[in-house]
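Each of the next two complexes has chain A plus one more chain, namely chain B in the first and chain C in the second.
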Partner chain A sequence: MIEIAIALLLLLVSAVASSVIERRHFVRIEQEEAQLSQVLIFNEKQPPPHASLVKQSLVSGSVVLGASYFKTFVTAIQGIFGGRLGHYESSIEGARREALIRLRRAAHAQGANMVINVRLETSSISKQGNKQTVGAVEILAYGTALHVPK
Partner chain B sequence: MTYSNAPVPKNANISDDNRGFRHLMLLLLMVVGLFGVGIFSLFKLASWGAGFVPFKYETMLAQQVATLPFSASNSKADPDVIAAQSYLQELANTAARAQNLPADMPITVHLVLDDTVNGFATLGGHVILHQGLLERLPSENALMMLLGHEIGHVYHRHPIRSVSGAVVGGLFVEFITGGSGWGAALIGEQASRLLINGFSRDQERQSDAYGAEVLQRVYGHTTGARQLFEVLQAEEGNFGPRFEMLSTHPNTKARAKGFQQATQHPLTALKVDFSDLK
Partner chain C sequence: MLLTNIEAIPGYRIRQHFGLVQGNSVRAKHAGRDIMAGFKNFFGGELKGYTELLNESREQATQRMTDQAIALGANGVINVRFATSSVAPGAAELFVYGTAVVLEADA
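Coming up: the complex of A and B.
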């Protein structure tokens, strides 16, 4: 009985905490996206014709995302019935945007204002052999930073 | 050529209908429903199927799983205890004969010398009677009702039905929860409850009817049943939870009611004084 009570308490704490953290995260993401709006990102392979190709460099931004206890619990139940995993979708969305922000920040630090050939990659780092450990994924965004005169 | 990044649309990739408290509640309700229906159907199916298991297998199972702790007390060489034990066995045999109990369904009565006010039947036709209950019985008729009731459990295969239901239900829980141990705990709990008395109310009523039949056939009346229920009712008032048997049994008043109309018939005295045994 005590185990069930502890599990319920953890779930409650996790639900409240993850909801607050996620809401704050999205607020910060929007602010940073606005701040870095001068760094443009595209998946186009070719640089713009007037771009300065003197200095190009590879930039990347990566985020490791772990699902909360609450989200894992709800998603495990949802997994019985299938369908969209709304709780994971919001986490992944946040992580993807965060990775792009980090990519832009890296480009901005090098004096670039455009990143072309942007690619996103996701890899699960939660598996050790066949055993599922902590639920976590890495989202990596990378591309080529350029300076494009206005 | 102009280059620009459009602002990221809000929640474009998030399904809002699949989140939130209401969604979680709906999921939990579905899970609990499925789980409940699954466990209930399996329990019922296994209980029903267990009735077809030949009794000799139940006896074998009893030998394997039941380390009968109560048997130890019977090894005492006290002649009074041995006499009391054989008296109980004799009464059980009389009841079995009166009801034409199948020959391959032997009843073995165990007397436990302690104050616990309880009696129960378990796997393999073993009937366990505690001294605490026996010494409160006013007549042989009441004792016969008790024995008849417990033999009724054996005859209707209640112990193996309960165990099978619990095992299959527990395995289901274990399967669903991925070896969490909850299912095993359920099996363990059910098994230990069986040793106290883990039969359903319907099963208790069935056994009451069986006990009354025994009384009718052996003594020609069912006054013993009323006496037994009077004792149980008194104990219920005196001891409450200590009288474990009542926790799962149907309401004693309701059970006694069925026998209230019986007119007073001459009763047979007990041939052993159970309060004297040590």
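Coming up: the complex of A and C.
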């Protein structure tokens, strides 16, 4: 009985903490995206005329995202019924935007105002076949930073 | 050494192609970091230790690719691509490849 109570309490703490962390993260993402609005990102290859490379043109940004205890639990239950996993969608979206922010910050630090040919990679880096370990995905964004005179 | 993931570089001409160069790095998770990540995973969110670990290994892979290109006499690597795969439980391979070229500034 006491074990069930502890498990439920842990789930509740995890659920509250992860939603608070996620909400704060989204607020911060919005602010940083606004600050970096002068760095434009494209996924097309063709550089615009008069563009020049910066010193280290290959820039990247990455985030490793872990799923919380609560989300792992909910996923296990939803796995029975199938369907959308909305809570994963939002956390991965947050991580992807964070990776793009880091990419733009790296470009901005070198005086670039544009990143072209941006690629997004997602890979799972969790241990396979052992449910007891950390489940995580890595999001990597990379591209070529350019300086384009206004 | 110029690294880019585009094919045509503004202001430069490609004088010579050397073909594919590559670099990789396989990293296992650090026990200490794994424990910390386990704690962090309770709440969810970013696992900073892993982000740093993977960035370090990606830099190493890029360095290996660059070394290979320099050994060939190239001064740039174009069309660079990154890939990640999990090769063994608890280990990730970071792989980077591109085309080594000799670039010449446009007159």
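The working rule: the second predicted complex is superposed on the first by the 141 of 150 C-alpha atoms of A that agree within 3 Å, B and C clash if a C-alpha of one lies under 4 Å from a C-alpha of the other, contacts with A are read in each partner's own complex, and residues count from 1 in each chain.
The definition used in the following text is that a residue touches a chain if its C-beta (ideal position, glycine included) is under 8 Å from a C-beta of that chain, and two chains touch if they have at least 3 such contacts.
Since we're looking at a predicted model, the values are computed, not measured.
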{"item": "Combined model on chain A where chain B meets chain C, clash or fit", "value": "fit"}
{"item": "Contacts of A:136 with chain B and chain C, given as first, second, both or neither", "value": "second"}
{"item": "Contacts of A:125 with chain B and chain C, given as first, second, both or neither", "value": "second"}
{"item": "A:89 touches, of chain B and chain C: first, second, both or neither?", "value": "first"}
{"item": "Chain touching more of chain A, residue-wise (chain B, chain C)", "value": "C"}
{"item": "Partner chain in contact with A:42 - chain B first, chain C second, else both or neither", "value": "first"}
{"item": "Partner chain(s) touched by A:74 [first = chain B, second = chain C, both, neither]", "value": "first"}
{"item": "Lowest inter-chain C-alpha distance for chain C and chain B in the superposed arrangement, angstrom", "value": "16"}
{"item": "For the chain C and chain A complex, residues of the former touching the latter", "value": "2-11, 34, 37-38, 40-48, 50-51, 54-55, 58, 62, 80-86, 89-90, 92"}
{"item": "Chain A - residues contacting chain B, complex", "value": "33, 37, 40-42, 48-49, 74, 77-78, 80-81, 83-87, 89-90, 92-93, 97, 114, 148"}
{"item": "Residues of chain A defined as touching chain C within the complex", "value": "10, 14, 17-18, 21-22, 25, 45-47, 50-53, 56-58, 60, 62-71, 91, 95, 98, 116-117, 119, 121, 123-130, 133-136, 138, 140, 142-144, 146"}
{"item": "Residue ranges of chain B in contact with chain A within the complex", "value": "1, 3-5, 7-8, 11, 13-19, 23-24, 27-28, 30-31, 34"}
